[in-house]
Structures are given as C-alpha cells and as structure tokens.
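Next come two complexes, and both contain chain A; in the first it sits with chain B, in the second with chain C.
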Partner chain A sequence: MRTKFFILLAVFGLASSAMLVTAARPAGGTITGKVTFTGTPPKMKPIDMSKEPYCQKLHNPPIKTQDVEAGPGDTLEDAVVFISAGDQGSSSASTPVRYDQKGCQYIPHVAVMMVDQPLQIYNDDPNAHNIHPLPKVNAEWNKSQPPGAPPIDTKWDKPEFISVKCNIHPWMHGYFVVLKTSHYGVTGADGTFTIKDVPPGKYTLTAWQEHMGTQTQEVTVSGGAATANFTFKAMPY
Partner chain B sequence: MALSKKITRSLMFAAFGVALATPFAARGQDTGAHVNGLTGNVEAGKQDYRRWCVGCHGKEGNGEGENAPYVDPRPRDFTEALFRWRSTPTGTLPTDQDLYDTITRGVVDTLMPTWRPLTPQTRVDLVAYIKTFSPKWQTQKAGTPITIPPEPPQTIDSVLHGRQLFDQMQCWKCHGPEGRGDGPSAITLTDDKGEPIRPYNFHDGTRFRCGETNQDLYKIFMTGLDGSPMPSFADSLKPQDAWDLVHFLRTLQPYVQSESRTVWLDYVKTHQGQIKPIGAESAGQ
Partner chain C sequence: MGKFFAILLIIITLVSVYPIVTHMWWMPEVVSAHGPAVDHQLDETMIGSGVLFITSQFVLAGFIWAFGNHKGKIKNWPGGHRPVVAFGIILVGLEILSLSFVGSKVWASMYITKPDLNALHVDVQAEQFAFFFRYAGPDGVFGSIHPDKINDGSGNYFGLDPENDVAARDDIVVGTLTIPVDTPILLTLHSKDMIHNFYVPELRIQQDIVPGIDIPLHFTATKTGKWEIVCTQLCGLGHYSMKAYLQVMSKPEYDDWLKQQSGD
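Let's turn to the complex of A and B:
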C-alpha cells in the first residue's frame, strides 16, 4: 500500500518536473491567489518603433509599454509572488531560463530565476541589440548581441530585482527577478499565480510588481491548498 | 602555582594570537592599491582626496561634491564601483593600474584634468582611497585584463573588413553611418544614472577618454564602457576582427594621421560610386 503510494508519487513527480523548476517534494501543498489593484494605474503608452523599421512593421497596431499590465477585473500580469521567509530549503535549479529579444521586445517581460540558475539570452531579430542589465548588488555588464550571434550564457549570484534595458532601442525594458527560493509563481493574464510543492508550514509571501513595488503577507500551508491574494494601490503616475 | 603558570601561559598564547591576527585583520580590510611596485596608503589617499578630489566627487565619493551641479558630464560616483575605462571584461572591476591611468591621464572633453603633477605615490594612494567607497572592492576581485594580440598591418583589406563589421555590428545605430555620433539611436541614449550621453563623434575627436593609441581603441569595444550605453563586443568579435574594426575607425578621424586613413583615401579615389553606404541594407527593410 505504502510502496504503491510512493510509486504514484514518483510518477507524479516525474510528470510535473517538466513544468517545475525543482522536482516535487512529498506531501507538498499549493499556494494560489490573485494579484489585483485598486485605484487608477498609469496609462500605458503605445511604443514608437520607427527607429527600427523591421520591428515597427511587426507590431501593428503598436504594442504598449508594460510597466503595469492590467487585465479585466483590475488584475495584474507579470507580478512575482514568492516565499520570502520560512522557506524550508530549495534545491538549486539547473534548467536554463530562456530570455528572448524578439520584435524589439523582451519575452518574457519578467523572467524569474534562482540564484546561480543558468540564464540564456537570445537575439531572434535581424538587428543588433545590446543587453544591459542594471543590477546594484550583482555585477553590472553590457554586451552587444548582433543578429545571428549565439545566446549569451550567464547567471546571477545574488538575489535581486534587476532592470534590463537595450540602449539601442530605449523602449525595450524588462526584468530579471533573481530569487533564493524555488517556490515562486508569476501571475498570468488573469492575475492568478500558483506556487506548487510547498511543504506544510508558516511562510511569508512577497508579491512584487515592477511599478507598484512589494507587499508581504503571512500564509500557513497545512498539506492542502492555501490562498493568498494581494491588492496593490495604484497611482496614475 | 601550577594554576598561575597555566594562566600566564594562556595569556601569552592569547597575546601571541592577537599579535598574529592583527596584521591579517588589517590585510582583510585593506583594499590597498598596487601599481608599478608602489603600494597605496588609504589614510594618505584620504588626505589627498579631501584636498584635490572632494570638490567634485564629494566627501562620500558619490559624485555629489560642491561643484557637481555645474559639472557635465557628472563626476564619477565611486560608491557604485562602476568604471568606464578598464582593461578588464565588462561586469568586472578595473585593475589598480586602470584607475591609476585614469587619474594620470585625466578625462578629455570633461572637467576631469590630468593629475600627472601629483607624484606617482600620491596617485596610488588616491586609488587606494577610491576603493574604500564601495563594498564591492571587498567581495570581488578585479577582472583579468583582456589579451590584445599584436596589431596586424593596416591594409585596405583590413579596413574594408572593419567597415563591413561596423555595418553588421550596427555600430552606426548610435555612432552614425559616418561616425559623427548621429545615428538613429543617438538622441535617446542615457547613462546608468539617466543622464543624456552622446556617442563618440570620430570626426571631431582626436583622443578617446581612455587614451589615444590603437590598443586603447581596441579595448573600448572589447571591454565595453560600463555604466554607459557602450556594450562589450567581446562575445561577437574575434581578436582579428577587432583589429580590422580599429583600422576602419581610424579612417573616420580626419585629424588623426594614420596609415589606415591613407590607404582608405587612396581606395576611395579609385572606387568612386562603388562603395555601398553604411546602414543601407537596414534602411531598405
């Protein structure tokens, strides 16, 4: 009976490891929730890409800036929710995180990775980009990546929210979120996030959104599912 | 008796331990600088800094000195430990020699003068003191200087290949098709502090802020100017390519005598109408 359970668990672990950064832990709970805002967020402006004709043609109508990606029901996309205290240990992640420069846009806009997790930066455009992360704690660098260049392999050795920009295309802006924990979720277009395989215990959850800042709350996981919703106060500027 | 002997012995051990540990502790905190056999003294550097540098770079080394509001480009903020003119790869700290060279050379086109009148020892002391402003100097080591292979001859083939690279690497996006610093992205460039910054205009300038030799020019794009929009091309250019690019860039400088420019001008005379303008392919997209 017990053996069967463990076999089942192992199968589940294998199946889910493709989606997760770390393999499943036994008896893990799940934290789900929604990140929303109240008030009026700043208006996102259409991006003028006329300096790069190739990219301009790709985006018709023009894409908008992504500082606040509000969805229906005042939800927030690309907010990162993670365990900031009480983490009972996270194994390191070895699956590379892929970061694309495509159509003069960073995809994903916010890339979350663990400390020392490999990060691969690709240029999929027929024009040159320069990748210029602006960390304060980690070491800052600035590299050119002409069209057809191999991906840049790198990693960050300290946890930090790192703003990334391209100087050639000043509208290109994204974030590397480097975390100590493997327990994190990124909100989708509907503002929801899921943090899987959280062992039972008391945790501090932090939600981060590039424009709104951070919020924390306590959450208790007791085997099953736990819920944590975050509401940011938006200002129009 | 035996007890007091024991105490004396342990006291002696403790004293010996302290004596032994002190220089190590001091060394642990010592961010010291070593250039050309000279060792910088932080305390002496502090005195000299307060005399010569504080006006612009500020007491805290954050570039917010009394004169800073009137200085453009702004004085360097040493608390970030982010330096443009290095011999080390992008993302690494400069060597003591790099900092010493910047102090010695001064920064052309800015309010930072040459400090050659100060003795070498004073300049090394200043390097030692500058390194106390950021904790990065305690936790990170200076990068390993890049290797610059010997310069190949300045031939027309080298210049033409360099020109092709200038086009491919899209240097012209900022520096302009003719190297006049007027590329399409030039106007929006800012440094890390958000201050507007201009790409180098090869037509006006005879010197670079990091020096004036071909080796200095090679270093600029193989290390990048950290803190500015200028990236490192070390991942995309082979050393030979980099030298070709150096040779082409020299053809853009009318006020600098170079073999590259001579062979280029000869080539232009005999190939009128056959030279494809830079950036033409991208404009047609």
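Let's turn to the complex of A and C:
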C-alpha cells in the first residue's frame, strides 16, 4: 500500500510540476479510461521462495507471478497509458521515483519515470539483492545491495521499457518504464487510469502491458474530460 | 630436544586421531538407502589409512627419539634406500587399490546400477542462485524443454512451451524437492547457466550439475524430515545463498501434497 502511495505521490508531483510549466496555457483536460482484456489470460504461478526463508514467511499464501494482473471484470493492473505523440511542454521531472526490493519482490512491479528523472532503489530486506535491469537502448548494469546498503541513485537517458531481474532471486521481476512525456497514468487494481493536466489538442495515446504488448488510439482533449478505453486480447499461453 | 619432539609428535598424532575414532565431528545422520554403505566404506577407509598414519607417525617418533640428538651420518640402511622406498610405494599402492576395489561396489550402486523402473522421476533445474524441481503432473508426461523459452520472471524456469506442448501444461514446478519416503527417486539434473552442485550430506550424495548435460541421479530416502540441498560449486556472487530444501514425506502426505499442487 505504501508504495502505491508513493507512486501516487510521484504522479501528483509530476502532474503539479507540469501544471506550473503550462500555467500560461488554457486549463488542462483529463484523460481517463480503463484497460481490460477479452479471452483467457495465462494462469499466474505461485512463487516458491523457500530458498529465502525470511521472504517465504512474509508471503502466506505465496504471491504469484505478475505478468498479467487481472482484476474482477477482466481489468488489467499495472498497465501504463501515456501520450506517445502530439505531446508538448513536458520537461523532465525532478521528484525521485522510489523502487523497493521488499519481501523478495519489486515494489511497484512497474515503475514509471521520465527520462533523466532520479530513480532511487532501496533494499528493505535483511538479505542481499542484486538488481539487474536489462535495457537494450540504455546502458546495462547490475548492482549488489547487502542488507542495510544505501539506496542506488540512478536515472535513464533514453525512453525504454526495461525488464528488471534480481541476480540472486530468479523469481524477482519488474519493469522500469522510461517515458519522454510527463503525461502518463498507471492502471490501478480496478484497471482505471487518469492522465491529468493535458492541454487541449489531438494526441496519440499508447497503452502498454508487459505481457499483452502495446495498443494505440487517437484522443482529442478539448478542455474537459476525455475518455479512452483499451481492450487487449488475452491468450491462455 | 629429540625426545621432546618425539613426544610432541605422539601427542599431535593421538589428538588428531581422537575426534575421528570417537566420531566427535562426524557426518550428519544418514537418511538414504545407500547411505550406510557409504558410511561403512568411509569407516574402512579411515581404519585402513588410520593404521598406516598412526604406524608411520610412531615409527617417525621412534627414530626421532633414538637419533634426534645424533650428529653426523647414522648408518646406511641395509641393502640401500631403494628397497625401502619400493616397499613404501607398494604398501600405499595396495592400500589405495584395495580401497577403490572395495569402494567400487558402493560407487556402482549409486552411479552404475540402473534406477528402479518405477522410480519417481523429478526434473531438476539449477541456476544462479536457486534450484527448481519439476514433476510430470497428472498426465505422467514431462513437457519438453526449450532453453529459449526460459523466463524466470514469469516462473518458466525450465523453458516449457505450454502453448504448443500439451504435456507441459500440467507440469508442476516448485522450489522444494518434495518426495515420498522409501520410494526410489530418479532425478535428472540440468543447469541453466554454469556448473552447480547438488549436495545433500544426509543423503550422502554430492553431484556436479554441468550445463549441456542431463545428469541422472537416483536414491531412496529412508526417513521423513526436512534437509538442506546446497550448491557446492562456487557459482557467483550469490553462491552462498544457493540452496533449496529436501522435504521427505510419508506416502499419503506426499499424495495429498501432489494433489494440492496439481489442483492449483
């Protein structure tokens, strides 16, 4: 819950800074919507953490893999919706994004940040982690954090969807979504997202989900609220 | 000074023999069917080499006692040094040969004898830095392995292809080696990345896992309980944390566990 709060905080922080930048422009509109799927998604597998007894004890019953976080009503959590074309005036954000290694899990599972936005990676566990992001466009690295190690301060230079793994705990998996725009939303447990303070205009909106891929659609914002829903096609395997 | 060193040598010999003879630091309990034979073999090795060790230390101490303070050359060994060296080499050679001859029976029972036809087959994947275990599931058939499909993040540690391979769909993958007691077990060991090792001291089994080779290993656990499986090949920064557990259950408990796993 705390980390959700942090995401929200980051989102609000970004949104409010964007507001300052665009203060001279007409009042921003809001894009809201829902990301859902049709069909049967793959069954998520329970994660056996018995090699790390501390983490195993924390999760009873065991948590499951998070490739597809389906909610009631076939909604999708942790999908990222962002303006991929037609966006202007989004300067880089300075609020650090917090990424936690906690209970042998990456929290949040998907962390969204802007290019050059500070990223802080914490190890909250009494055991070591070795975080290993796997970028293809940005530079690849991995860093060990023994228990009590200071956070890693870093950032990404180029926009990319970066898969993240832990070199010590094979099941740990997450994503860094690095965007050029500050206009993005991440779907919550109910599959809904909100992108605030979008100046009036015509935009291309992209929805990304790690397993389902991406979808785009055009959306026009004219001061008030605009709606954009995405529906992915799910396959059981 | 010579007598002092002779006594010191005897004391060192006795002190180092004591913990072995009394089993002060001995191996952990044995929980496998072949384990007692391994222990017996180890006892024989210890007795054989122990007798040689003690004898040679006492002979050495005797010479130091007698000639420790002697200045200059003592005497030539009758017949020259060659027969003595030859005798020593033959004695140690015979010792080692007879040990490996006697021990080959135990070795063969683990590595050359074929596993029981009805052995429960479990597939093992070792990777930096964990072990994963795969059961065939209700259909009794393992899905085939495709290394390119391995995806740790989504729990596909073995590289199964459930989309195209029906047999893979019900395979059960867990992080604890769960087996029934008194049942022959056949493991096939794979490594995803580099050399690892499957070591359970209580089973008296230590087997390297080499990438690119499917290594069979069979045993029967004779006691219920939980023991550690550790990697004993230095395999990287997380090597110290590379372990799993061996959970030996009674047959009914195991059946329940299996049903629970496949029902999930």
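Convention: the second predicted complex is superposed on the first by the 211 of 237 C-alpha atoms of A that agree within 3 Å, B and C clash if a C-alpha of one lies under 4 Å from a C-alpha of the other, contacts with A are read in each partner's own complex, and residues count from 1 in each chain.
The criterion applied here is as follows: a residue touches a chain if its C-beta (ideal position, glycine included) is under 8 Å from a C-beta of that chain, and two chains touch if they have at least 3 such contacts.
These figures come from a predicted structure and were not determined experimentally.
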| item | value |
| --- | --- |
| Room on chain A for both chain B and chain C (clash or fit) | clash |
| First (chain B), second (chain C), both or neither touched by A:Ile107 | neither |
| First (chain B), second (chain C), both or neither touched by A:Ile168 | both |
| Touching partner for A:Asn130 - first (chain B), second (chain C), both, neither | both |
| Partner chain(s) touched by A:Ser144 [first = chain B, second = chain C, both, neither] | both |
| Partner chain(s) touched by A:Tyr237 [first = chain B, second = chain C, both, neither] | second |
| First (chain B), second (chain C), both or neither touched by A:Ile47 | second |
| Partner chain(s) touched by A:Ile63 [first = chain B, second = chain C, both, neither] | neither |
| Colliding region between chain C and chain B, picked from 73-81, 109-117, 181-189 or 271-279 after the shared-chain fit | 181-189 |
| Touching both chain B and chain C, residues of chain A | 51, 127-128, 130, 144, 167-170 |
| In the complex, chain C residues that touch chain A | 127-132, 152-155, 157, 162-163, 169, 173-176, 236-238, 241-245, 264 |
| Touching residues on chain A, where the partner in the complex is chain C | 42, 44-52, 65, 67, 127-128, 130, 144, 163, 165, 167-173, 211, 235, 237 |
| In the complex, chain A residues that touch chain B | 51, 53-54, 57, 126-128, 130-132, 134, 136, 139-147, 149-150, 152, 167-170 |
| Interface residues, chain B side, partner chain A - complex | 80, 82, 90-92, 136, 140, 168-170, 173-174, 184-185, 188-190, 192, 224, 226-236, 282-283, 285 |
